[in-house]
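Right after this note come the structures.
Two complexes, one shared chain (chain A), two partners (chain B, chain C).
Take a look at the complex of A and B:
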């Protein structure tokens, strides 16, 4: 088993729940060794997309089209449950959303750690415990105490850190973190983000961070992808996207962030509301109801994702502007 | 006008009798919120924000101190006589999903408190209908399309507006908004904040805003006060923009340093403050509660408790022996 940051290529991925697409025709590349952040509002399809990397979308959800090609592993969309079980943990570390609720309430954290090690054939269990303590220590926790604790003895923030430890401890080189800091306050969040970045670099990982908080992505991610209504509407290097967002949704979203300093009136809410699975338009652009740049073509044709330099944007208005 | 002085609250942890742990949730807090004014409480998880909000709304008792509403000391009244005062202080909770009864239409939700109000003031059913539409319009919803709907048919932002509309049915003196926008989608968050500000201006409703997201505190009005709470104690207090742009307490500076920087749009502060360790609940021996985590602590800090007060050249109140300005907050980058 090679231990190198793998590249990931998601191509034309569509995931449906009861035939309604929650992720639609999404293509995204995670270059080896980078941190990619996916942002989007509630229900935009972030977790569904992330779960596809483990082929773990739950029924009634199903991957209806597309592929997820991971270096050294293969196209996981075609994997059977047993194949997935083998790579999960050892090759793909995953922190599920609401990880603070996903521990086994009946077993201590240490016991769960040993179960995890055994199920992946780890021989040096002592070393595993040492690594776990080390990781917990770096996240500001007393490792020995945490391993001896049951879930109910830990605060939400502590459990979240346990989830991150379990995802990293088997030395997986592809790590997916779904909302890793939501239950945390600012100071703890900032500590965790720093550690995510450090571990990522030390171990040479490929990391995917899912969040509704642009600030989190801005802090950790090299690349940023923006989801809306199941579509990836814009992606590119984080700083560039933040400094000059192209898609009208990205622009509106960034403009809507309450800011600590600067002119209060500059921040503006985005009119309208995000779509749900039932209200996502079947044709045309998913964002058009809220879009200030809407044109006739937006009502009928779903804009394709097109590359403009380092940026990929799915918008008719941007295309017209870029080709003008 | 609502004021509190010396509010103390201690929770006795249930469970093990032998090792009865006490949580000092509030250690003598003073605050004052003028009519139609705004105040925000910020601080780390567990610092006592919600407890203070609940005490102010009459939903929780306190052990020491006094709450005065419109010049009437609540301790001078029997519990029953306090009710009319506290009824005019309405709490808006974090989660608009669980705050509304899913089996009731929005009209039914608004009807219940309005009926009570109609009975008290001798008004009829027609008034109830009119007032239901009126409060929805006040929160920016179209009564025609919303009244007949159920909560699950509305977005998170719309639900939170309904919750606020329901609070308005009793003509409140003050809204206590506890993390009221944390669960709202980012694109809609400012809309709710603007609504709270607007209600202050139009109806003279005071807003007490409880949040861990410091930036949002600015948006309910820059005339508001900001109270930074650490382990049950106010450690810095002043006008919201003063405290945010020029904090002098190392704890406030740590909080502000921890806020993610929008690299590409913002420039980080040049003197970020990082606490020496994680939250430490252990008791200090009479010193500053933040001393163990404070990168600037001296011997004095570990033995003497700094009181909240003013010092030369600092417009806000603070509880630190060594108040010092530090450049901790990200600024918009020029040219963007």
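Take a look at the complex of A and C:
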């Protein structure tokens, strides 16, 4: 069992649903001990990418190519069913959206905790309950009361903390959070983000946060990756990407954020719509239909992801500018 | 537990009102059926060779009252009797109290109905789970189709088919002659129990087959719904064992079926009318038919009432059961 933050290397990952690619040729590295944020619109493939880390893409989806190499675990893409089951929960934690009911409505949290322990062969179940109470207490909840509650007796923010507890209680050091703050009110959102940040530091984790909210990433992530139409179009240190976005999609995204101060019209929505699985172009750049910098080459050649200093960008226009 | 008691009190109150309403309606409907029960009883006696004048007197005695009062006063008498569990006297069964006639025949309905439903519930639920898990395979399809087919065939058609095949053509089971062979001494002997089973087999099988399809279909769709729930994927992503996830699915999926189970238990007493007629099985249903053809008002009202009570009680049980097994309802 890994006792420290593992590094993760995703290489050339392609995930298809009925032969339509939801994630295409994505390469991404999660350095040990960092928080990486993946930002994208609905249908950009970010959740599919997150599930790939646990080799849990739901049928009819399947991983068609590529690898997900995790330190001290291995390439999970090649794992057999029982092998990957043992890794899930115990070494890789997954936290669901708060709006999704991730708990069995008929059982108390405590009983589900025991089911989790039994599933992973935990012998000291008392110790497990103690750890769970500690974790819940750490997140500002009354552990004993929460363990004795059913899902419907918990608020959205409480459920989310229970989800985080269940992801970490077996001492996983790689954690994936899928939209951890969606459907929570602003104050609860900031509490949860603070918890994510602090728990990440305290336990020494490698964390991946999936979100459509660029504000969430700005607040917690060290590194930022932007997804569009199943491709990773830009990635780099959060601060740098936000300060000087290179890919025209990233720029459009950031320009579309309304500010608290100033004229509301300063925020400009991106024209057009994101592609769906069926409409995503088979060749050429996936973003060209909405791109202000579109060139002829964009219609035929899919831009490769190329490194520019600390940044990786997949765009013909950026390449042209660099070489000019 | 206090929640359960409070609920029970509420249910009992509502149940009583429902029973009262049904008792009232059936009382007036029964008395508006064309035909005269006194005439029917008189004709029966005369046909049996009794002296017409003496027979008329006898009939009056059997009724226990002079049916000359208004419908309203008869109704009040009836309700007063109900309060003391006195349902009146059967004319068909010369002077026997209706309660006695009903309890005697009800036991031959309750057991086969319970047996048939529980059998089909068990088999149907298990196969329904299987049909849901293997829904893209041949066997899953076959199960679902068998469910739809059997669900679509009316109970009495099934009964007639079974009677034609197993009783008439093959002769494996009797299709008449009551609950037991008349030549076998009643008692706790293998012979007597054997003949009881042989006589009950076809009715039980009909009840079971008639409700089997519903269970398969209901359980299949329920399991498919639960499989799509977020917490199942969440449990998978937490690395829960398959056996544990399976239990989660099964327990969540079976919940809505308990309501249907309780309702169908109540309704099958009504369904027994057809089945018992087909197999000439002397239970509550057959008694009801007899009472109708003979214009035995008291017995008719009593039988209707018993069926109503069965349904009301089944409903109450279903709701209480829910309180126990679903924490969300306990609130």
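Here, the second predicted complex is superposed on the first by the 314 of 324 C-alpha atoms of A that agree within 3 Å, B and C clash if a C-alpha of one lies under 4 Å from a C-alpha of the other, contacts with A are read in each partner's own complex, and residues count from 1 in each chain.
Everything that follows uses one rule, which is that a residue touches a chain if its C-beta (ideal position, glycine included) is under 8 Å from a C-beta of that chain, and two chains touch if they have at least 3 such contacts.
All figures in this text were calculated on a predicted structure; none of them were measured in a lab.
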item	value
Overlay on chain A: chain C relative to chain B, clash or fit	fit
Which superposed partner A:273 touches (first chain B, second chain C, both, neither)	first
Broader residue contact with chain A after superposition on the shared chain, chain B or chain C	B
Which superposed partner A:75 touches (first chain B, second chain C, both, neither)	neither
Chain C, chain A and chain B - angle at the middle CA centre, rounded to the nearest 10 degrees	70
Contacts of A:115 with chain B and chain C, given as first, second, both or neither	second
Contacts of A:166 with chain B and chain C, given as first, second, both or neither	second
Partner chain in contact with A:254 - chain B first, chain C second, else both or neither	first
Touching partner for A:96 - first (chain B), second (chain C), both, neither	second
Touched partner set for A:14, first chain B, second chain C, both or neither	neither
Partner chain in contact with A:88 - chain B first, chain C second, else both or neither	second
Smallest separation of CA atoms, chain C relative to chain B, angstrom	6
Chain B-touching residues of chain A, taken from the complex the two chains share	41-42, 140-141, 155, 157, 184-191, 193, 212-216, 218-219, 238-243, 252-254, 256-262, 264, 267-270, 273-274
Complex contact set, residues of chain C against chain A	229-231, 233-242, 244, 248, 251-252, 255, 325-328, 331
Chain A partner contacts - residues on chain B that touch it in the complex	44-45, 155-158, 185-191, 193-194, 212-216, 218-219, 222, 244-245, 254-266, 275, 277-279, 329-333, 336
Touching residues on chain A, where the partner in the complex is chain C	51, 54, 56, 58, 85-90, 94, 96, 100-108, 115-116, 118-120, 150, 152, 163, 166-167
